[in-house]
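Heads up, the next two complexes both have subunit A, just with different partners, subunit B and then subunit C.
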Partner chain A sequence: MIRRPGNPTILPAAPLAPPAVRSRAARGLAVAAAQGRFALQVCAACGRTQYPPRDACVACLGAQLDWRDVPNGGVLTAATIVRISTDPYFRQHTPWRMGSVRLDCGVDAMAHVHGKCRPGARVRMALKLDKAGQGVMLALPEADANPMQSDPKLREFTCDPAGRRVLVTDGRTAFGQAAARALIAAGAEVFLGIAAAWNPFPGQNDLPGTPIALDLTDGISVQNAAAAIAARTDIIVNTAGYFRPGAGDARAAMDASYFAASRLAQMFLPALRARAGDGTHPACAWVNMIGINGLVPDPGAPLASAVNAATLALVRALRPEMRPLKLINAFVGQLDDQWHQALPPPKTSPTQFAQAVVAALRNGDEEIAVGDLARHTLAQWYDNHAITLHA
Partner chain B sequence: MRRGYDGIVVAAPVTVPYERYSVHGAHHWLGRALHGLLQAAHLTSQDLDGLCVSSFTLGSDTAVGLTQHFGLSPRWLDHIPMGGACGIVALRRAARAVQAGDADIVACVAGDTNAPDSFRATVAGFSRFTIDAALPYGAGGPNAAFALLTDAYMRATGARREDFGRIAVSQRANASGFPHALLRAPLSLDQYLSARMVADPLALFDCVMPCAGAEGVLVMQEATAKNLGLAYVHLRSAIERHNAFPDDPIQLRGGWAMDRDDLYAMAATSPDQIGLLQTYDDYPVIVMLQLEGLGFCGQGEAPDFVRAHDLRTTGDFPHNSSGGQLSGGQAGAAGGYLGLTDAVRQLTGAALGPQIPGLQRALVSGFGMINYDRGLCSGAVILEAA
Partner chain C sequence: MSSLAAFAADLATGKLKIVDLTQTLSPDFPTIVLPPQFGQCAPFRMEVISRYDDAGPGWFWHNISVGEHTGTHFDAPVHWVTGKDLPNNTTDTLVVQNLIAPACVVDCSKDAANNGDYLLTVATLEAWEAKHGKIPAGNWVLFRSDWSKRQGAEYANVLEDGAHTPGPDAAAVQWLVDRGVLGFGVETIGTDAGQAHTFAPMYPAHTLMHGAGRYGLQCLCNLDQLPATGAMIVAAPLKILGGSGSPLRVLAIVPA
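Let's look at the complex of A and B:
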């Protein structure tokens, strides 16, 4: 149990998550939410949209119910403010606004309701991941460009970097430096990890944020950094890893990616999770830059494919235990760096990556793809895993 | 035209006095209800050849396990998981079983225990749709679902909180004379209106208090009741409907409207001939839906109706003679029998509180099972004095 600095008798709010149990069918909402889509089950036989998720069509009993994008408009039928809840997470967050929406696609959905939505008025619905990692319905005002920020309650669904302290792990690369700059621009305070500071590197004279000694291949270094800042860190953006084409030293590659992530998880995550329910800006996310080749192996980068697969598996396996923290995978294609000079575009640039990470944190996304190549590969994978993997 | 229930009667109404929390399990409460039924009818458990059970807190047991637990060997057995509609549905099925000769004496019982965590546990695992699509939105339980219905109803009809308050206040007045009600202290409209909000627009006195308790009745042929020397009432008609009007965006009407013509035609009567109305009152808005659905007033007119009538037992429109669940407490599935047992008592001149003089006919209505965003089960019976 982490105690509040200054007064050890005051315990912070516990890191709780909302109810996480769902039927297998309903877990499809999280799949859609993770992709930023508004998709519901649609009967392949008769076309009827279903909600809540079913195992048989409500109109024709057809068994094939495909998740398809559906119109997200609707009317808020009724609203309430839950002031007494049976669930510990919601008891921390009451009063909580929710309501019922008749969607244009013909279904009725209970939803979390943005403070500006009024019964009888039109709303637009979004599927978001809640702090249990489940897909949930949000009713948002039709004309609000920034609805996730304009209602303080909806910050629960996001990891907005504004006002939060962020550790960016690898300030030696253009990706780490760009991420730090974008996060600072978004209102965050940044610690920038620097390994082997004696060894010169590009950009070292103009580093954003507060540098901190951090070598992810060295357990003692990670431990020292954690002792210094873990209790003050709200978000970790890990830009270290192994993203090179071709073959290489497999042990060194694993050390720089999988083991690096593993050390971070071991030394930092318990401290973050302990403060994941605390205050107005609780600790909220661990972002990992992961090669999309870890999801779909790339014959041109067999070693990177293997080590990124290992990191990806680690992150996904840790997710349930680390709730309510969000463990975000930022998939990248081939990087726009010196290792990929000989390869044709498209490539993922440092700026693209940095902007995508800030957007994912603001949106509360958990799986994002940065750049055309990673996006295309992820789309193929969602479309049909089997065909994509056998291509 | 459906076949009637000629010759079928209801007798021996039993209420096991409710408790806020019980150290006993549901089996204890159901056992006491059965014991009370046998005592009232001077029967032994071997005389029962039919059993119908409703309960939410039996754990892994069903009615089957209860036969061994209670030493019964019935030739007709049913288990009705329909919450607030279970009393109506149990009576309807038992009546047909007796009518067909599949059973001679059916004990219909419902009961639940209540421990400090029971309500949360029941809410958390209530149904698949609840788990998938209601609980994750604030976990307000039935309070939140009915808050939405009430909110929509108020905007559709112009109902005000005072109108719902009239129902709660009049029922509390009835409870003051009913010994088993847990909440018997007088309730004023001001107290109702100034109570703390639970899920807007619902406040404390719109919500029922979970408790432990059990209720039961016996169903048999009229001749059997006469032989046993039991006071009884006739079952004249019964309706049941599930998942009515599924395309309504929100529940502003229950299933009664689909079947009420049948209800009154079978009993050869009409709403103005009903001397006592027992509605299912887990929230006042549902009482209003029943007033409308059962034809006591038109759709959306219940607020005017409650303003124009005195709903107390002593008033011009006696309603929920025992004080209902809003005063008595909600003993789980037993809440689906509360109106039934007290209607039988009133019709046999055996009221525990103020007796409605010259009562000939009562209508008892049931409503249950918020599977997701609305109550799916509705039903009603008309009972007539012998």
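Let's look at the complex of A and C:
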């Protein structure tokens, strides 16, 4: 989709979000949507799939309704176009296509509908996070249609990097460089942050994107970079942080991760959020590379566990305030880098990370795990937080 | 007229002038880089406490953080293991009489400015003495390389095998120690050459100077404005309890 420059002499479209009030049960949709899963409640007693989410089974009144991945196929039984709405967000986005879908798993659902879906045809259902962070149903054509990503409904739920300007914060590492390359390949324009340019680093003679002086441990540097590009940045991919095994300089580690994220949030996010409804390519996401040890502490990396936990708590606490921007946490296991040379695989490689970030942006996922170790740990954590404390 | 009154008069009339030998303390000024498994010297950082705003409506100030060896800085003898047990070896116990002292400036800029592997040798020092006289005990010896005129990567000059910046060889340092110099000052990030980890002994300017209770000054500038002899150096580090050094303002008083 071609980026059309906005008109700077008129007020930009406000960063609005759809209604956010949901029942406690319905938040399970967001949990699944954030991971790119299609999960609904299934009754433990009679096996009936439920939708919309509720507290007791529609068939047997059973009270144990477990969130399980269910088949996502269905038929679009009817579609319509909403032209008038009382809600400011939908008024900004009408006409809006809605439809009714009968799912193979036995439920009927009202859903947002991709423009390429025809009534009577089979569809793929997806759970997506809307701009308010709620999990919602989206009907997609059974096979990828062309154009797929440019559909205006799909774009409301995703953060396709094509045509967007992305700041990758730490170009000194292989992870930052790989992310920049993958984003450019996906059609983005990339600013690549370089700290302490006077100190050489691997890959410096073949950097992707446009280098910009940015040292997240230095508030003045972040301020200068924000002054230069925050008003033109649509996505931030923060690859800075602290991912080393063992002990270390705790103050420096906090500075490189927690305070770095805090400075980014203070100096970049207001400008991004202000443009989160504007133009053909609104600002849409803040991605953080975070050690999975921030979720489940790793005895082999106590300092990294502590600082990643701090960073994770900060960015998650900011999430509601950031809407309609998405906060994407890309959890990584042990990195495939010099600091982990004594440890055996599995490790998270720069390419793996880069591809996962591009995929998460395209899908609109908000909580992803990169690599086997992070995937396994995240799955365990979702399954039962408490048990991960005694692993 | 007392000598101090004469001094004040000479300053007032401009017969004497002050040359600032100090680099600006800023976040992006290069600091020493040790192998990553070792602890690192913190770069200079500053954060606004208030700026005539809700955090302080009528006043403006910063909190700063910095390593003892960041920017233009002073090395006290305790900085090196060889000087760890000497008397008066920390920033708070230094003999204050030493903090104002004359300097001999050895100008090697012609050969060193474009050569990161330039080494100051005894032969160069002897040639300097032949021209300017014997280096008196208690003087600073300042090594002019003109590297302070470089910036950023050019200044740090870190290559694949580490930094390549000019400095003294081991014999030259021993020779200076034997002359009884007060200390050794340079324009580069360290008093030692960038490749001094390959010397014997390693880091002679640190090992031998500090082992003899002498001082170091790093990241100086404007040495090109100093005479070969006759400049007075004011170099007083912060009085940090047990400190190994500190950033400081270094001033030279020279005949106009």
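Note that in this section the second predicted complex is superposed on the first by the 376 of 391 C-alpha atoms of A that agree within 3 Å, B and C clash if a C-alpha of one lies under 4 Å from a C-alpha of the other, contacts with A are read in each partner's own complex, and residues count from 1 in each chain.
Throughout what follows, a residue touches a chain if its C-beta (ideal position, glycine included) is under 8 Å from a C-beta of that chain, and two chains touch if they have at least 3 such contacts.
These numbers come from a predicted model, not from an experiment.
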Touched partner set for A:121, first subunit B, second subunit C, both or neither: neither
Contacts of A:227 with subunit B and subunit C, given as first, second, both or neither: neither
Between subunit B and subunit C, more extensive residue contact with subunit A: B
Partner chain in contact with A:11 - subunit B first, subunit C second, else both or neither: neither
First, second, both or neither for A:317, with subunit B first and subunit C second: neither
Touching partner for A:111 - first (subunit B), second (subunit C), both, neither: first
First (subunit B), second (subunit C), both or neither touched by A:99: first
Touched partner set for A:185, first subunit B, second subunit C, both or neither: neither
Subunit B-touching residues of subunit A, taken from the complex the two chains share: 18-19, 21-23, 25-26, 51-53, 58, 75, 77-87, 89-90, 94, 96, 98-100, 102, 108-112, 119-120, 130, 132, 134, 136-137
Residues of subunit B that touch subunit A when the two form their complex: 119-120, 123-124, 128-129, 131-141, 143-144, 147-149, 151-152, 155, 196-202, 246, 249-250, 372-373
Complex contact set, residues of subunit A against subunit C: 196-200, 213, 215, 217-221, 249, 252
Subunit A-facing residues of subunit C, complex: 27-28, 30, 33, 39-40, 42-43, 45-47, 151-153, 155-156, 158-159
